[in-house]
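Just below is one structure, and these are the notes that go with it.
Naming follows writing order (A, B, C and D), and every chain is counted from residue 1.
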Amino acid sequence: MATTQEVAAFIAAEFPQTKCVIREVGNRSATVLHPVGPEELRPGGTVAGPVLMAVADVALYVAILGEIGIVPLTVTTSLTINFMRKPAGDSSVVGVCKLMKLGRTLAVGEVWLYSEGSSEPVAHVVGTYAIPPKTAA
Amino acid sequence: MATTQEVAAFIAAEFPQTKCVIREVGNRSATVLHPVGPEELRPGGTVAGPVLMAVADVALYVAILGEIGIVPLTVTTSLTINFMRKPAGDSSVVGVCKLMKLGRTLAVGEVWLYSEGSSEPVAHVVGTYAIPPKTAA
Amino acid sequence: MATTQEVAAFIAAEFPQTKCVIREVGNRSATVLHPVGPEELRPGGTVAGPVLMAVADVALYVAILGEIGIVPLTVTTSLTINFMRKPAGDSSVVGVCKLMKLGRTLAVGEVWLYSEGSSEPVAHVVGTYAIPPKTAA
Amino acid sequence: MATTQEVAAFIAAEFPQTKCVIREVGNRSATVLHPVGPEELRPGGTVAGPVLMAVADVALYVAILGEIGIVPLTVTTSLTINFMRKPAGDSSVVGVCKLMKLGRTLAVGEVWLYSEGSSEPVAHVVGTYAIPPKTAA
């Protein structure tokens, strides 16, 4: 297991472009927040879809690392997103991840994405991650 | 139907952040290219997963608009990506989209993603898009 | 909205082959149960994957009909399943569905699948359904 | 690698319920055919969705075994299906699988599903399979 600080330091090093902030890690779950500004918006004032996918990817990665510790070679193998509502253009995006399965070589989790302050999800993601064998880590 | 120029102008207006360049549109397909530089790379020299998802999303959107014309309210409803190989860190990402179905209200397409110059796909995407009723367009 | 009896009668008519029994419908959710016998088992005593997909499909359909009433032309447009654990060969399969979105033309829901009596999910499904315009129903 | 006969014998033993017939195996691909009769039909004369998912699952499994040989513990880890057209009620279902990736521990493939005699796909599937380490096989 890794602490929030350890995971945050690793994410900052591995994903230097991400603006995601880790709110919580632990208990097979994670919450991350991504600010929304001009770079995330599409005309009309909604958040671009790939921003939501990126937030989900980080939330899943954070939740997994929180359980297995800092294992750099863990990689996304698949991700399915369903878009449900138009995100607010003036709110941060919040991603709440719960791991469904944490096996030796495969982790599966889901992420509910929200506009901060709203309880109606804007999208739902299921992602799978390959965890390298212990010797490779 | 829309020409490559019309689609390119629309994408530039709707997705002002994207670096994607449209190579081809037509015949229910599209090819787009995304340059890879420091902003797209992760340590170790591979392209970040969300970049691949964003390229696929644009390629699908371009292929659909190429068929139905400029219909601004067309929105992604779901997207599934499977990652297959590590993309090259020194090559552009190429997304080749083919539409599988183009109904009145739903379009489905697949995108193969490559590192430019390689014939081995780095990822595969299936996306679905909701097309608004004619009167809404 | 439709009652459990109305939905059960419709499912029996529309899916004459299914062995699924409806346990609960309502509140944007549904629980269905599928008995497991020789026809559902694979050698080694686990439940065949397609049985799990079929249970999820029925659970989603039941949850949607419970909200929108008996709308025969509602059709599955996509379904994603992640398998997590080997189901028990001597227990019924239980599918617990919650709808994530219920729009005018599109419904999205998730289903957790369990071996009856266990709280560890064996698989997770996300499905999308197209709802025909009112006049077509 | 396994011959068509070896794969067919294994499928008959492992999936005793399936009616799928193997047409071709090899070159990272497979074609299977599933007859359609009263058991596969829904009222109105279309093939039930779970039948299509089952055909795709067998096609993927056959294509993988054709490459890696008879490895019994290979299991489906995820499957995404998009339905595109109503299958004909009086034609067999044909599943044409191509493997996208065949790694040491993970295989990914796609399956196009058709009503026999038609060139318009009725559905498209992407599936992932976990291959056990050599020692476990």
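Assume a residue touches a chain if its C-beta (ideal position, glycine included) is under 8 Å from a C-beta of that chain, and two chains touch if they have at least 3 such contacts.
Please read all numbers here as calculations on a predicted model, not as lab measurements.
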* To do: Go through the assembly and pull out the chains touching chain A as well as chain D.
  => B, C
* Asked: If you tally contacting C-beta pairs, which pair wins, C-D or B-C?
  -> C-D
* Greatest separation from chain B - chain, by CA centre -> C
* To do: Measure off the straight-line distance from the CA centroid of chain B to the CA centroid of chain D, and report it in whole Å.
  => 28
* Asked: Which whole number of Å gives the spacing of the CA centres of chain C and chain D?
  -> 22
* Between chain B and chain C, centroid-to-centroid distance (C-alpha), Å -> 32
* To do: Note the residues in chain A that touch 2 or more other chains, in rising order.
  => 77-78, 80, 82, 128
* Asked: Which residues, counting only chain B, touch chain D once they are in their complex?
  -> 80, 82, 84-85, 100-101, 108, 110, 121, 124, 126, 128
* **Complex contact set, residues of chain B against chain C** => 77-78, 80, 105-106, 128, 130
* Complex interface listing, chain D residues touching chain C -> 13-17, 39, 42-43, 48-50, 53-54, 57, 75-83
